[in-house]
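The structure appears below as structure tokens.
The first chain written gets the first letter, and so on, giving A, B and C; residue counts start at 1 in each chain.
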């Protein structure tokens, strides 16, 4: 990177960066700063009465066992979405890589969910699992298993995990598939000649070679599960039953948007910003290092 | 892969893939089937897996008549979604291309700081800071305008980052050669870098188009005029607290997901290549 | 004008070019009206607005569907904070305390009417409806009652016949439990279910049984109120229902109106839910159904007392021009006129908000044609309301509802004992109330 050629005239560079920078400052930095400010305030929704309360909003948050419960739920949910989304995508990618015909067809079907809006994803899955009308709940009932995600926390969590992972499989699949294709055939052949069967080759050779892709996807999936699943969870369960599917981002939304408790919501936003910041640094470091390979 | 030609393995793979296809496609298939049924048929348990023959009727109904109290027909909200998605996609690509170019080929004060700022802050999802952002947009008088719908969403960390990654893979000799030929930075950008970035641009177009099309909370808050709202909002409006008319909801969902799906499918090759080549 | 999707600059230029055209268009004062009425209800709102627009030439009401209640309220607040509020916004009943606290942001309806010289009789409203939205001290209406409902009981008459039950709604909770058990025995998968559990099983349960939901007259007496829905009777009631849930005679369907889909599909034989669901049930049920009042416990003194309303009212935002207020006043006057209110009541199932609309509907023979359509109203007027059965005026009430939902769900799925759940709901709710108190000035 050091010996890269630069054009003279830094002002032109600045000019080229300016539009992006201006929009960032105006619509991102400034509102984020306001959220930070708001997190130290006690305010009525209309902004008519505002008082400085210091870190009260934060201390209230961290003393609340329910908030810590939501943190746990979020971690569990994110782990499940990531595991299911990445695991099934890896399996599918390995299969597509293995078969001789139909690769293109499989890929085409598998990337379809990528195009679908999260709120529509929730509609589709609710329709499948609707306790009275849904197809899958109908099949389950036939098998003697009662499905009611309005009451059963485990089922509700399963529903939002499946719907969220379903949408993310496309993205994961593409990266795993590309990663698999990039593994030289000669390596595999050599291993096969040593007598390693397909499963052993996959475990001992392919998986380690995929680890950079996997790490990249891990971060992407965690960020996805933390934030982008918001519309899915909101539309599918609204966080219930109890608090069994309430994630951090949903709580920010519920408290700020629905509950109009701006101080607490802003404090939670700040916590989330810190988490995003951390994940960003991890990803950035990692990607930066990879570039220098 | 020519290692083994074992038929059994191949068959097993196809069988597992068939299961995977079923899991991916079944929800979509069911939506399609629900959209072909009448109000009567759609309440059957279980829903028929065969088409019900009312598809055109349902589609034309939702396209032409305002539903869900939105007071505008779906074609109007679809058109708004299209404008929004296109402007966001093109805008994101242009400004990200420019800023990535600046980051890679120029040296100026605040360069690194600017990059970090763009990268770090843009990771924040819009839901987290929605109120203050809406306030800024309102103060600028952009409520109820396409500018307000799109401009604040045009900044992009992903696109900037992808372009930067790609530019870093270009051989330094390119710029050197351009300089020897007496080409200025803008000539270099337009004549050499831009054509080389075609695949990336295509991939980013897909990603950003979908991003713009699928927005929900943002258009809800910055448009007050029903004639300015988008298709995704129209669907939410149909899922009220009363009886859900699933056949119409699904017909609307079908129409709403067609454009982004078409973009992904038609641009599949570039999308896959551009997305994957860079992040690897 | 607002429909052009361009930046202000472009609009300005265009406006300059079109001054001639604009001049004539400017004579009409536009009134924006944000609401949350979707589906058929939205169509009805649109038709009321066009009826108003056609009746005169000075004002044009533009109704805008802004998403569900919470979304539309948040949008209105965001718009207010940046000086862009609509003229009228429909706010759900649990947002009442929030709106009342924001004195500078809203224009009380009685004041609006007085200032714009419209004749306005606050006595014309049904007291139990008006009480919910009136100032606790002066009794003046702060917002305009619009769509109100009370919880009623629906039962499947065909299923009752099949189960060998008499063709009458269960009047008491023990009767309801017995009927649900019989329905279940006759092969129905769900005996009883309810929509809006917090509103039906705790809020209305309290007033119906002559109990306070919170101290200080449910918050009408000030912001220091504490929740009281963990009394022995409340606990007994939830225990009763938990037992039904264990026996499988009570099926929990969800936090909102999911139960009514289960009812009209024939899955559940009895349901309690909003009287506003009547139109939907009438449209979708393929069997004969009947209606009744909310059940009560016969051994409770003073029960049944009176029901309290749910739904929403129309709020006028502050800081608008006199011309706009004049138009708003006229429009609201029309909405509460007996003819319009009666039509709204008959086509939607919401309550008639003015007594004259109730009378009119009765004269038109509507209740003879649709028996049960007046139950919601009769229930509300059952006895004159006591200070603690007028309604609720509690801050952060939407969140309190969520807390109640969460705690009750843990009762239905057997994770918590009823007393522990109600105690915890009260404690959590009180914390919210104290937070709300702090935001007031």
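Keep in mind that, in the parts below, a residue touches a chain if its C-beta (ideal position, glycine included) is under 8 Å from a C-beta of that chain, and two chains touch if they have at least 3 such contacts.
The shown structure was predicted, so the numbers you read here are calculated from the model rather than taken from an experiment.
Distances between chain centres, each the mean of the C-alpha atoms, put C farthest from subunit A. For the pairs A-B and A-C, the count of C-beta pairs in contact is higher at A-B. Per-chain Cα centroids separate subunit A from subunit C by 37 Å. Chain centres here are Cα means. That of subunit A falls 16 Å from that of subunit B. Those residues of subunit B in touch with two or more other chains are numbered 43, 45, 131, 135, 236.
Shown for subunit A are the residues in touch with two or more other chains, namely 132-133, 257. Within subunit C, contacts with two or more other chains are made by residues 71, 74, 81, 261, 265. Across the complex, subunit A is touched by residues 1-4, 9-10, 13-14, 16-17, 20-21, 23-28, 30-31, 34, 43, 45-47, 95-96, 98-99, 101-111, 114, 117-125, 127-133, 135-137, 151-152, 154-156, 160, 165, 168, 172, 175-176, 179, 184-186, 188, 210, 213-214, 216, 232, 235-236, 239, 246, 249-250, 253, 256-257, 260-261, 263-265, 268, 271-272, 275-277, 279-280 of subunit B. On the side of subunit C, the complex with subunit B involves touching residues 2-8, 32, 34-35, 37-43, 45-46, 63-68, 71, 74-75, 78-79, 81-84, 86, 256-257, 260-261, 264-265, 277, 280, 283-284.
Chain contact summary for the complex, subunit A toward subunit B: residues 1, 3-7, 9-17, 19-21, 23-32, 34-35, 38, 88, 91-92, 95-100, 102, 106-120, 123-125, 127-128, 132-133, 135, 138-139, 166, 169, 174-175, 178-179, 182, 185, 188-189, 192, 198, 212-213, 216, 223, 227-228, 230-231, 235, 249, 252-253, 256-257, 262, 269, 272-273, 276-277, 279-280, 284, 287, 291. The residues of subunit A lying in touch with subunit C in their complex are 42-49, 51, 53, 66, 131-133, 148, 150-153, 238, 240-243, 254-255, 257-261, 263-264.
Against subunit A, in their complex, subunit C makes its touches with residues 70-71, 73-74, 77, 80-81, 98, 101-105, 251-255, 258, 261-262, 265, 267, 396, 398-399, 402, 405-407, 409-410, 412-413, 415, 428, 432, 435, 438-441.
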